[in-house]
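Multiple structures are listed underneath, in structure tokens.
Below, chain A partners chain B and then partners chain C, in two separate complexes.
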Partner chain A sequence: MSLREIADSQSFWLKGDGPEADIIFSSRIRLARNLRGFIFPPWADSLTLKRVSEKVLDAIKRCNYLKNARLIDMNKLSSIERGFLLERHLISVEFSRGGSHRFLVVQQGEMLSVMINEEDHLRLQTIFSGLQLREAWRVANKLDDELSEHLDYAFSPQFGYLTSCPTNVGTGMRASCMVHLPALVMAGKINELLKGISQLGLVARGLYGEGTASHGDFFQISNQVTLGLKEEEVVDNVERVTRQVVGQERKAREILLKRNGAQLKDQIGRAYGILTNAHLISSQEAINLLSKLRMGVSLHLLPEFDMKVLNELLFLIGPAQLQIKSGKNLDASSRDELRAKIIREKLTGSY
Partner chain B sequence: MSLREIADSQSFWLKGDGPEADIIFSSRIRLARNLRGFIFPPWADSLTLKRVSEKVLDAIKRCNYLKNARLIDMNKLSSIERGFLLERHLISVEFSRGGSHRFLVVQQGEMLSVMINEEDHLRLQTIFSGLQLREAWRVANKLDDELSEHLDYAFSPQFGYLTSCPTNVGTGMRASCMVHLPALVMAGKINELLKGISQLGLVARGLYGEGTASHGDFFQISNQVTLGLKEEEVVDNVERVTRQVVGQERKAREILLKRNGAQLKDQIGRAYGILTNAHLISSQEAINLLSKLRMGVSLHLLPEFDMKVLNELLFLIGPAQLQIKSGKNLDASSRDELRAKIIREKLTGSY
Partner chain C sequence: MVCEICGQREATFHFKEVINGQVRELHLCEVCAREKGLLEESFFMPDFSLSNLMTGLSSLEVPFLKEKVERCPNCSLTYEEIRKKGKIGCSSCYHTFREYLIPLLERIHGKSYHSGKVPTRKEMGDEKSKQIYRLRRELDKAIKEERYEEAAKIRDEIRKLEGFEKGERNESSRNS
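Let's turn to the complex of A and B:
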């Protein structure tokens, strides 16, 4: 199958139609599951990986929740194609290295997906627009229930779900919200906030998960502990803290607007002016400017913009996206040119 | 009289309708004249200055070329008002310091003006759009002829017109063209060019005359020698060299477009985007961006723009212009805000 079809289709979680979507991009639930009697992927031989993948794929076929899902064999992808899936938040950095008997199953709209033979035998992911962590959890649960009818999960009455890495043992769940906090960054309050989050047993990371730098103004807030807490408690906890963060971001925006309104309007105006008129733009600069634009729209300092367009531009202008979309390898300056063109056209509505 | 009227009226020489006006802003002739029997202004006492000014003003009243001209008593102006006249190229830095018995006479449209008791008793100025040095000279000559009917000029058969500073003795004439050379600046060729100009007996200076830095991409090319050459030769010389400079600028633009077309389009697009969307802008940044915009229009890399609008923005957004226009003292950040607003509105045609 061609990834081009995915490139041309919509990521539903980018629609920006969820609650608080001007600050909370998305709510994500990830469940780690393993099959009883099979060694965890990092230590498994090729035959084991093969047998696991066959079992899981067979179970997935019987799953109502994954009807019509696309099956992608990671081993058949080029590095650009793997980068494409990573940029779209469909796979992890670890998985993007590829390898035999590794598969991605992704439902249309990309709100539901399963990685097979990542760090665990299965990694289920649901991702929703805005603050919809409970809904994401509900759907992940349903999918998990369906799969468990056909698969024998490694589960210990004492510890819960067993996982490759001890930090995931227990619920095997990670609940996370991706948030946009430009005003807290501008006001120099972000480090204090991130520290506060970690004291609450949660963790704030960059956009592409563990070990990656945050993209300017964008952060992921997620639970650190999977053991000894009920899933519901974890979801509640992440949701509550995220709501507090949103409150602080709104407060910071209000203060900025009051104290530095002219500067803020200027920066947002310039961001809009550059994005709609540049002919070369790096992804880093584009993300920084789109971040300002996004805040400007939320603060009504700019004419109405479809949040979906801004979200898609933020996530779908990475180097791999551009190359898959255009169907060819592009050097850095050609990418900068194409990126600028896409942004211009999308923002001025002539795309 | 109020300078506000001047602020609200047009500078005809900024219309941009002269030959080669996309590169040559203006052609200017300045004649230095003194009255026989009166000491030069820098050494004159107050009574002498008074008598000179009375004689000159009396002659000017009888002058057809200066009918309906405005008379401005420099002594009655605030420093902002004097700065305003300097920014509009109506007076020199020296004259902008003010003082008793110093007057500016300026014809509507600002193409014709006379400073009284500057360094010389009279300084006649004509300024035309584009490359029209001969026309500017013709008009200056006529004005000079008219005035000389009513005034007894200090003239030596051996040296010509006598002037306060020896560098002006002879014709008393300075012929200059104001040129816009962004591509030569970008290509790093400008210093070589300026050096070449000085070897031809001409001089290249910044926008506001002697001792001022050039404003980024804008230069004045003028004659250095006033003694031993006929006025016609001087005019021819300045015009010929200016034409050569224009040729080099066009060549440099062509090469830039061929070799760095994407970068050039990007820079010009960004300049347009920032100018039409910024809410705070310093005059230095505005001039730099307007310079790019001007080149972009000339190279047809942007939609059609009225050159007049760009020229007026370049010359009429200085600190003093803004304060006279708005009728009040403005601090730096208020000026930056008003400047950005004027630029936005003028460029988007909603002014």
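Let's turn to the complex of A and C:
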């Protein structure tokens, strides 16, 4: 099947229609599951992986929640195609290296997906727009129940769901919210806040690329512990903390606007100017400027933009996305050119 | 500076990430960076984690070593092999190496007992497993509520059931 179809279709979680979606991109639940008796993927030979994938695919076929899902054989993809799925948040870095008997099953809209033979035999993922962690858990839980009717999960009464890495054992669940916190970063309050989060037993992860370039306004808040707590407790915990973080971000925006209004508006205006006029733009620069624009929209300084357009631009202008969309291999400067063109068109066309 | 993975070649790539406000740096040579998938054009990947690449069990010492090297009856790995790779071999390993894993899990999670959901499938856990599971929850509750006498009774009951389970292990590696 062609990935073009996915490239041309919508990721529902990017719609930006969930609660608090101007600050919280997405709420995601990931469940790690394995089959009893089968060696875990990092140690398994090809025959084991094959038998596992057959069993899991058979169970998935019988699953109502994944009725019209697409099946993608990772072994048949080029490295650009695998990069595309990675940028689309459908697979992990580890999975994007490919390999035989590895499959991705993805439901239309990309809210539900399953990786087969990643680090664990199964990795279930649900991803929703905005703050909808409880809903994401509800759906993941149902899918998991459905699959467990057909699969003999590796489970122990003491340790819970058994996983390849001991950091996931127990619930096998990672609950996370991806948040956009430009004002807290600008105000220099972010490190303090992140430290506070760690004291609550959660992980707040900011991302820095190579050298000084940074995606410094984006963070992921997730649980660290998977053993000894109920899923609902963890979901509530992550959701509660994320809500508090959003409150802090809104307060910081208000203060910035009051104290340094001109400076803030200037930065947003300049970001808008560059994005709508640039003819070459790297993904790094685009992300940094789109971050400002996003805040501008949220503060009603640029009311005419649709959040969905900005989200799509943020997530869908990576190198692999561009090459899949254009249907050919592009070198870095052609990518920068195409990226700038898409951004100009999307931004000026969305008045 | 030498590469932090191979410890041989010169580190020419430098990565940085911030977790809970703490900066963590990783210095790699080109070969290792490529192998870890870090050389593709950097893009928006909040999932990506340097520490996931680096840690696992490898930084954690074996709590104590037994005289003879025990192998998991299902996947035939030793704990040493598992520790090196940072990944457990199969579901039976959790049973075989439980003495090693319990302190490890307590360090990672602060607890070594599951209290979340249980698979729905009927033939899944047998009656005994379910009973142990139920008793553990009661035990947790009793300790929380400081009913220690009751807790001790529940603990003894669990031990009795687990002892029975252990004796059976050689015939069936299913009860991991």
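Simple rule for what comes next: the second predicted complex is superposed on the first by the 340 of 351 C-alpha atoms of A that agree within 3 Å, B and C clash if a C-alpha of one lies under 4 Å from a C-alpha of the other, contacts with A are read in each partner's own complex, and residues count from 1 in each chain.
By definition in this document, a contact is a pair of C-beta atoms (placed from the backbone, for glycine too) under 8 Å apart; a residue touches a chain by one contact, two chains touch by 3 or more.
Predicted model, so just to flag it, every value in this text is computed and none were measured.
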item	value
Touched partner set for A:S9, first chain B, second chain C, both or neither	neither
Partner chain in contact with A:G269 - chain B first, chain C second, else both or neither	first
Contacts of A:V225 with chain B and chain C, given as first, second, both or neither	second
Per-residue touch tally on chain A - higher for chain B or for chain C	C
Which of chain B and chain C A:S46 touches, first, second, both or neither	neither
Touching partner for A:N75 - first (chain B), second (chain C), both, neither	neither
Chain B versus chain C as contact partner of A:T348, first or second or both or neither	neither
Parts of chain C lying in touch with chain A, wherever the complex brings them together	13-22, 37, 40-49, 56-57, 74-75, 77, 85-92, 94-95, 98, 101, 104-105, 108-121, 124-125, 129-130, 132-133, 136, 173-176
Chain C contact footprint on chain A (complex, rising order)	34, 36-40, 42-43, 83, 86-87, 89, 92-94, 96-97, 119, 141, 144-145, 148-149, 151-167, 169-171, 173, 178, 190-195, 197-198, 203-211, 213, 215, 218-220, 225-231, 283-284, 287, 314-315, 318-319, 332
Residue ranges of chain B in contact with chain A within the complex	262-263, 265-266, 269-270, 272-280, 333, 337, 340
